Structure formats: C-alpha cells, structure tokens
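Reviewing the structure listed below.
Chain lettering (A, B, C and D) follows the sequence in which the chains are written, and residue indices restart at 1 in each chain.
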C-alpha cells in the first residue's frame, strides 16, 4: 500500500481516538444528553475497511458507530452537533450518538437495535444489484448481533443473490457484560459464513493492515459481482459498554484480559510499523495531531454554538411528503 | 434391530400412508373443513425417528404433522375427529389438521407458522434440563423453516446449553412451489449444525432404517446429556403442498423428479427389505393391513358420529384458570 | 390450491355499485394485478418480492405472469424470513427503489415488526427527513375453512399505534387499484391491508393509471339515521346491513374510510353530525381494534354530535377457532350490524 | 451504567401514599426484586432469563444477586435473540415451568411478537385448554436522556389487540410486587409493563408474599368533578395534576387500573358515574393507545354517564425524538392533564 494511504489510515485512527477521548472528557458536563458507546480500541476495523470504500458506497452501523461514521468521511462538525442534539446535527438532533447519518458519503443511518442494520445493508446491496450499479455496502455489527435471526436470514439471502455486501463483525467478545462464551457454543462466527456459501475470515481486528487487506479483497469481490463476504475482526473496547465508565475487575472484564488488549493498541502498533518503515516521523505525527485537534476544536465550537431544535418542529418528518 | 421393532416401523409407515390416502379420498366431500398437508411419501422420517422415543418424550410438528402425530402414538380416533372439527377431536375442534396434539404421548401441539415450533421444542428441552429429567424433545420442521431466524437462534441456544433436543429437518426440497435452490445458496442444511457446535447429518429420509439408526444415536446423546443433533432427512412429498391436488408438470415440480421419488417409495423399499429377510410375509402384511383398515374405519365412524362444538363454547379457554 | 379458495369459491359474488364512472367491471384481484402491471411498466424502481410471488398461483392471481412480463429481477420469490425481508425492502427503498413486499397472510406480519416498526417507520423521523423509505407491505387476511388461529388474523388494530406508518384497507376493486398505486407512489412505508374475501368482489375499474389520496374516505351509501363505518371486508357486511335496514325503515349511511392511518376525520364527523349515531364494524378482535380508535376519536371529537353510545361490531377477543360452528359464532355479520343499528335507532 | 440512570437519578423521589398498610417503605425496584426473590424461593418451577439478568447491574438492580442465591440454572443470561427466547419460555412453560423473560427495553418486544402472539397467547385456546403457557414477559420502557426512537417505546397499546394475553402495568411498589407475584402464579402469558421512571418511586410494601388480582384496579385518590385514569408512569403525573387541581378548586378522582387487559370496567364506570368526565393519560403514542381502548369502552358503555367529551393525554403520533428540547415537547406532563381537566370542568 502506498504511503499516502498508510498515512490516511493512521490519521483516521487517530481522528477516531481523539474524538472519542474528547467526547469521553466532555460527557461529564451533561451537555451531551444522549447515550454514547465509545469505540476506543476498535479504531483499526473501521479505518481498515473504509480506506477501500468509495464515497458513494454505503455503510450501516450500530449503537456503536462513531468510528464508522468518521472513517467513512462523515462530517465531523455535524457529528458533534448531533451529540449536542443541535438542529445542525447530522440527524438534526433527532438521532443522537446511536443514530448518525451522512447521506453525502453513503451513511444512511445506524440502528440501535442489535442486528437491526444487517437486513438494511443487505437491502441497499440488493438495490445496487437491481439497479445494476457497482456500489458496495458494508454492514458493521458486533458479536452480539450474530445471535439474532436477522444475521442468519440476511447472510443466507445475500449469498443466494450474490449481493455486493461485506459483513464486518466487530467481535469485541462482549455484549454489554455478556461474554461471547455465554451466547455462542462455538467461538468462530466467521465459520458461519461458509455454510451460506460465502467466504468467511477471522482476522486480527487490531491490525489495520490485515483489516485493510481482507476488506480490499472482499470489496473487490463485490464490485466484480462475486457476492458477499463475512469478516470477523477480533478487537476490544477499552471503555465500558456505555457512557464513560470502565468495566474492568470484579464482576466485569478480567484485568489481565484488559491489560493484554491495551498492550495491543491498534494505533501504537501501526505507528510503530510506520516509523520502522520511515513513513511516519515526529513532525508528521505532530502536524497530524495538530490538524486533528483543530478540527475537533472547530467541531465543538460549531456544535456548542449551534441552535437546538425548536419545540414546534416536533411533528415534522413523521411522514415524508 | 429385532424384527418386532422392524414390523412396528413397517406398521407405522403403513398406518400413515393409509390414513393419508383415506383423508385424501374423503376431502372432496367437503366435510373436512380444514386445510390439510399430506405426508404421503415422507412416512419413513416420522416412523424411523419415533420408534426410538418414549411415550413421555416430546415432539413438535408443523402444518404437515399427521405423520408425526401418528408415529408418536397420537390417538387416531381423536385425530380424525379433529379433522372433522368435532368436540371429541384431539384439539376439541379448535385446531384442525395443522394443530394436532395429544398430551398423553408428549405431543404438545404443532404450529402452522413456519419455523414457529423450533423455539417451542427448544423450550421443552430446556425444561427437561432444568428439571433434571431425561425427557427428549424432537422438533420436526421442513426445509423452509431453515430459512427463518428462529432456526439460527434456537440451534445456537440448544448447542450452547447442551439441551436434549433433536432437530429433524424433513427436507422435501420445496416450500410450497419454491425449491430450496430459490431459498438457499448452499444445499446442505445439515452442515449448518456444525457451526453451532452440534453434530449434523444429511441422510436418506426414505430409508427408514437409516433414519432410525441416526435418530437412535441422536436421542441417546440427548439422554446422556451430550446435547442436540440436527438430522436433515432428504425426502419428497407425493401430493401437492396443500389439499389433495397434484403439483407436477408445467410450472410445478418436474415429472422426472417426481417419478424418481415415486420409484423410491419408502414403504415399498422397506417391505422388500423385510421380505428379503423373511420378516414380512403375505399373511402378516394382510393382517396388518386388515388391522389398520379396521382402525381407520372405527376412527372415521367415531369422528363422523361425534358432536360438533356448540357455539356457546366460543369464549372458553381464551385464558386458563 | 390455497384452501381459502375452497371457501372463497363458495361465496356469492358481491358487486359494489357506483364506485367509479365507466362500465369496465373487474374483480378486486384483477384490479390489484392491473395496479402492479401498470406500476411496474411505469416506474423501473418498482419491484415485487415475497414468498411465491413468481409462482403459477401468483398470490391468488394478483401477481400471476408478472415475472414473465417484467423479469425475475423485478418479481422474485424469497426465502421464508419475514423480518429480514422487510429490512431488505426498507434498505432497497432507502437506496432509491420502491419495493412491494407481500405476506400471503397477515399473521406473518408479526414476524416482521422489528424491521417495520423499529426501522422502516422511524427512519424518516429519526434522521430529520434526510432518508425516506418508500415501500409497500401487502398483507392478506384469510378467513374460513378452518384457517385457524394462525392463518386468519386481522391485526390492523395493532399497527394503528405505529407512528410513521400509513395504513390503507381498500374494500372495492376501484380503491384496490387506486390505493395500491398511491401506496407505491407514496414516500413512506404503507401497510396495504387486504382480505381474502374481498378478492372476488367486483366493481367498475377504469383502465388508466389513477391514484386515490391516502387519508380520504368516501360515503358508500347516503343515510340519515345512523352512520356505519365498515372496515376492509366489513364494508360488504355494512352495505348488506344498510339494505336490510332500509327495508326496516332505517336510513343508514355507510362510510368507507379506505385509509385507516391517517383516516378521514372530517368525513366521519360530517356523517355523525347528520346521523348522531355511530357503529364501527372491523374485521379484527374488538379490544385494541381500529374500531376502538375510531370510537375513541368520536368520543373525543364528536361527543356532542352523538345521540347514542358508539357501537363496535368486531370479532370477540379470542383467537380464531377452526371449527366451522365456532367460526360462524366468531365472525360478526350484517345481521349483527343490523341488530345493533335497530337498537340504537329504535330504543 | 445504563444511560437512563443518569436521567433517573435526576428525578426527585415520588412517594405514593396510603397504598398499603404497614410502614415498610421501599422502592419499586426493590419491591420487584423481593417479588422475584420470594417467588424463586417459593416455587422451584420459577426461573428468570434474559440479557444481563445475572450480571452485576442485574437489570437496574431488580435481579441483582439472585443468580448467586438461586444458582445459574434458575437465573441466567441469554443470547440476544428475543423471538426465540420467547419461544423457549413458552415451551418451558408448556412443560410445566414458570419462566420470567426480561426485555431491558420494551422496544425489543417487537422482535418477539411471533412467538408471543402467534404462539404463547394462542396455545391454550387452540388446543382447548389442554396445554397452558404460564409465563411472564417483563418489559421496561425507558425515557429521557436521548433514549431516542428505538429505546423509549411504550407499545402496550399494540398488545391490547392480542387475545389470550394478559397485560399488567403497576405504578406503585406495592402493586409491582403483588402483580409480579400474581403474574408468576397466573397460568397464562402475562406481559408485565414497567417504566424506568417508576423504578425509583417509593411506597409501603409488606414483607410477606402477597398477590393482587389481575383485572382489579384501585382509586388512588377520591374526587367528584373528573376522573383521571393514569396508566403506568402517567399515574404519577395524574396524581401531581390532581394535587394542583385541588388548589384550583377541582376535585379529581384518580383511577389506577393496574391491569390493562383485562381492565376493571366496573371501577371505571363507577367513577365516571360519579364525575361525568374522563381523562385517560397513557405513556404511548395516542393513536391505538390503551387510552384509545378505554375511551372506546367509555363511549360504548358509559356514554350516558358522560357530561363532556373523553380526553386522551398521550404522546403525539411521532417516533420519540432524541433532542432534549423535543423530548420536552413530546412527553405530556401533569400540566397537560391539569389544563385538559380545567377545560372539561370549567367550560
């Protein structure tokens, strides 16, 4: 991969990380009046997948969709404005953190219903096929979503119709406090793919290069009409399931497990790789950080200085004209 | 298998066949005012599975559940009475052909919702486990039910909890007029089992000995607490999906396919086997046929001479006391 | 042959008079077929999917031959997976297509409410109108011949509580064609409620493409003494009852709302203003029915116009029994409407 | 920490007076916990399953520690598969157990209606009472802090249309414990409707095991001028409104039906007989709500007792907006009830 793309992925991961940390810091002021599910630690998945997508490709996310929105190129100002539930938000203050969208870059909205976006993304892929265009859809979902019937129904249909959709399972091993072990008899979601007659891969979701490589192939398959792929990315969330709490220790996730994954920080690993290969230097890193910090600053200013919706808008958009 | 059991299976298949044919003949008189889904051609599956079940084991069936009801030992008089929607019917005239039940032999009721009985049977198996008894549940369903999310959700749960349930898929290749090819990308439902971490087998559903052998092992696994099994039985229905029509030829099922399966009649094959092994003789066959004919005669008399429910019963049983 | 056909064939043909100009008579079923045919021809974004839509039976004849005419990409069979199918339709709609999803029985709609209610119906609002979900979900309620508890439900009452969803329930061939075209043109999810017993109903249907505004009802029969609202198939029973009432010297006005959500409040109030009496006949179980919603609306908005209590004529609150005897006791008829009307007018 | 906790912690504690004898005060949440604890101890057939029932949070504390006390076979976590989970519960119930299935949000109930409506609720009737399905489905409706369209629904109105299902919606700690015990003892599927904002409500709760008959309501506050029915959390708003109304010289009677299906028709009629005016406050969207059903019932059975139109105070027919400003506009309050009451009494 040429260094331009490598740096772009690095920047995306950094952007996700810093945005999430900023949200984490601001949440305590109770101005962000919406549930938040942070993606810190899982940055490589969204970054590695979306680097291979075109602007007009579709993605669908879940309750935890900040990373995907950012990686796909969603408007950051509008994202922050949405978190602050402003009229200028990407969902006009009606969606909040769990329901980000940006039509211009193919983000048609994320669902907070576990497994809910899997059929929707399969549907946009069906549309691409029926319309004869080569737009690809990527559906991001968690290991918990693989429990739902929609996973089975959708993958079966996509394989049957050879739809241009890539199913990306962000397996962070937990659904809230419930470990995958408590929900699946086997621990290899990717294997399920094979029975539907589609390729399935289980990869290191904290290795952005591996993610990018598998995603590239899967997306290429879609464009050439060969049908869907399931990619199970093993990763880990650093924060608790929801909000800004931590959930490590007694009754929660084991400290050793947590420490192990922290040591496998996707950004640390990737930046080391980039440095070893002379692609990333101190100056470059600083300039990227600076640019991001400014972007975030501006976005926050934009958000906090934006008007909230007015009560008389309540009944708007129940129906489209 | 000792000859006693062999003959019992033979008798069960014959009983199913003759009952179904009788229903087929009577239906035109419009006295059986309920949708019927005949199992002619699929007798070996129910017979081969149920020979291994105890009276107190559970089974759940579908809209096409005559064969299972008969093979599990459901009361024939009450079955006919149900078809004639009499007060004496097994469901008191409230269920009809698609909703047969007989508590005394572990038939808690069949569902006409495709995929609907899979969770229910998984639930009785859960009860066996929680209650610490060794009652096994067998869930019969068609290839169409494998399309539904309940199939995925239930098999995953049963494997996870090692429940004493055997999933028997009667794959007759069609869901109404829709061939499995039009619904699944792969044509091997049994393979799905492996991903849930349970054994899955695809067998000849028209070979009652093979069915009995696989069912015996699966049921034994359940009793010894080793968990569920999926058995996909390849078979074929001779009649149309519903009612007494045939659905062969132009726009329906191919004549050659149909002829091939007729030539593989499970009863013909098994009786030839029994004769070759000297287990079945002309006298025995005749006496069995006689006994069955009489049984059916009596059941019909019972049904037709039974009272219909009276209108003032309408509101009964909406709630149990 | 679907068993309800046995039942439906036994019904005598009911003709709806004066519904439209012209003298072109066709059945409800054929009117629907024409709506699909013309919509598929008119708009390449329209496609039809569902269990058996492309088979020889063609969903009771309503989609027969359309695959042959428009191709397997626009009229296709699906796996049996109602919830995800609804999501596929919603996703395809978000991407710019206009799917028509068919459930051969309304009972199967219950499997799909996550995608219909949590997703399709909320998307437009949740994202401030930036994504629309123009899709049609067709459901057909069966009745009779032991359809039973799982193959005869009329649960339109449940769906009334869903914001963002539109619901239509045409009872005449003219409305069936016009409202199907409107539902396909509409930019929102529309639940299209059919009743198997209406498929055979005949009436005048213009050949050209036309639409009927969703939310507008019609007076099917003018009257002064009592207003009878007939929902879906119950419109037929209401019209029969009105005929008998006339013989009994009672002039009944029969209102056909056609659209259930939103429904024509003005038309209803106007009629009650004239008659002061209201009966609502619905095909579903009474509690939580569409009849309940209309009765509640009347109690709130037309209270002072009412001279007598509102009456709901619906199925009792029981699952549908299979027994023919109990079916007969379960389903309300024109006689039930007649008797209630007489009570309200004479007492 | 579930986000609604942020919201709930901000609420000031509401104390429900004189609900039961004794002076043992506890929260709705703890009352539920006690109901489970005592039921698990009393009857080995009872078990609890659902997403997170055995974790440290214990469904907002209502199941906390029960796994440790009764074992992982009786209180266990599940995969996220609402429809099949409901079927597992129904099957286990048919086999003689008494499952309690928990949905942390009522929105998730929509995934499970096939098994709840097509199966669990119909089984007893469909088989002539030979199989019973004694199970409890707990749902908790969230509100506030941007819960949003998919995490705040109150769809009890939809379920009113389901024959064979019982629905209870206790608003006080005393009723929460008593009705949960009744629901577990009942031989039918019971939908147990909770509201997150009620979990913190406090009141008197006896220590012993007791049950409250399903279908019986209570008068929470006597009054002569107007009847206010408060459903689920709206009972709190109704009681607040009644307080304000008294200051305004209006004597309001507050009715708590507690059970929604079946509901206490007699109690309602008696109250309306006295006041001649009726307001129903529900937590869900207006159209197709429980308020609609009660209004319809009143229009049918209490028409001649009514002096004024019935009024429904509900959420508007929109999905729930996330914006705090729009949330405020979306949810009706005691002031809305107050204003409607004043109009009905004074005008």
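Note that in this section contacts are C-beta pairs under 8 Å (C-beta built on N, C-alpha and C of every residue); 3 or more make two chains touch, one makes a residue touch a chain.
Being a predicted model, the structure only gives us computed values, none of them experimental.
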| item | value |
| --- | --- |
| Both-way neighbours, i.e. chains that touch subunit D and touch subunit A | B, C |
| Taking each chain's C-alpha mean as its centre, the one farthest from subunit B | A |
| Centroid spacing, where centroids are CA-atom means, of subunit B and subunit C in whole angstrom | 36 |
| Centroid spacing, where centroids are CA-atom means, of subunit B and subunit D in whole angstrom | 41 |
| Inter-centroid spacing, subunit B versus subunit A (mean Cα positions, whole Å) | 46 |
| Per-residue multi-chain contacts in subunit A, two or more chains | 91, 93-95, 99, 111, 113, 116, 147-150, 153, 156, 160, 182-184, 318 |
| Multi-chain contact residues (two or more partners), subunit D | 78-79, 81, 83-84, 107, 111, 114, 118, 125-126, 148-150, 163-164, 316-319, 321-322 |
| Pairwise touch network: line, ring, star, complete, or other | complete |
| Contact footprint of subunit B on subunit D as seen in their complex | 47, 73-74, 78-79, 81, 83-97, 114-115, 118-119, 123-132, 134, 163-164, 166, 187-188 |
| Of all residues in subunit D, those that touch subunit A in their complex | 1-3, 6, 51-52, 55-57, 77-81, 83-84, 107-108, 111, 145-151, 316-319, 321-326, 328-330 |
| Contacting residues of subunit A [partner subunit C, same complex] | 58, 60, 91-95, 99, 101, 103, 108-109, 111, 113, 116, 118-131, 149-150, 153-154, 156-157, 160, 316-321 |
| Subunit D - residues contacting subunit C, complex | 83, 107, 110-111, 113-114, 117-118, 121-122, 125-126, 148-150, 155, 157-164, 261, 284-285, 287-289, 291-293, 295-296, 298-301, 303-304, 306, 308-312, 316-319, 321-322 |
| Of all residues in subunit A, those that touch subunit D in their complex | 30, 33-36, 85, 91, 93-99, 111-116, 144-145, 147-149, 175-178, 182-184, 240, 242-243, 245, 251-252, 308-315, 318 |
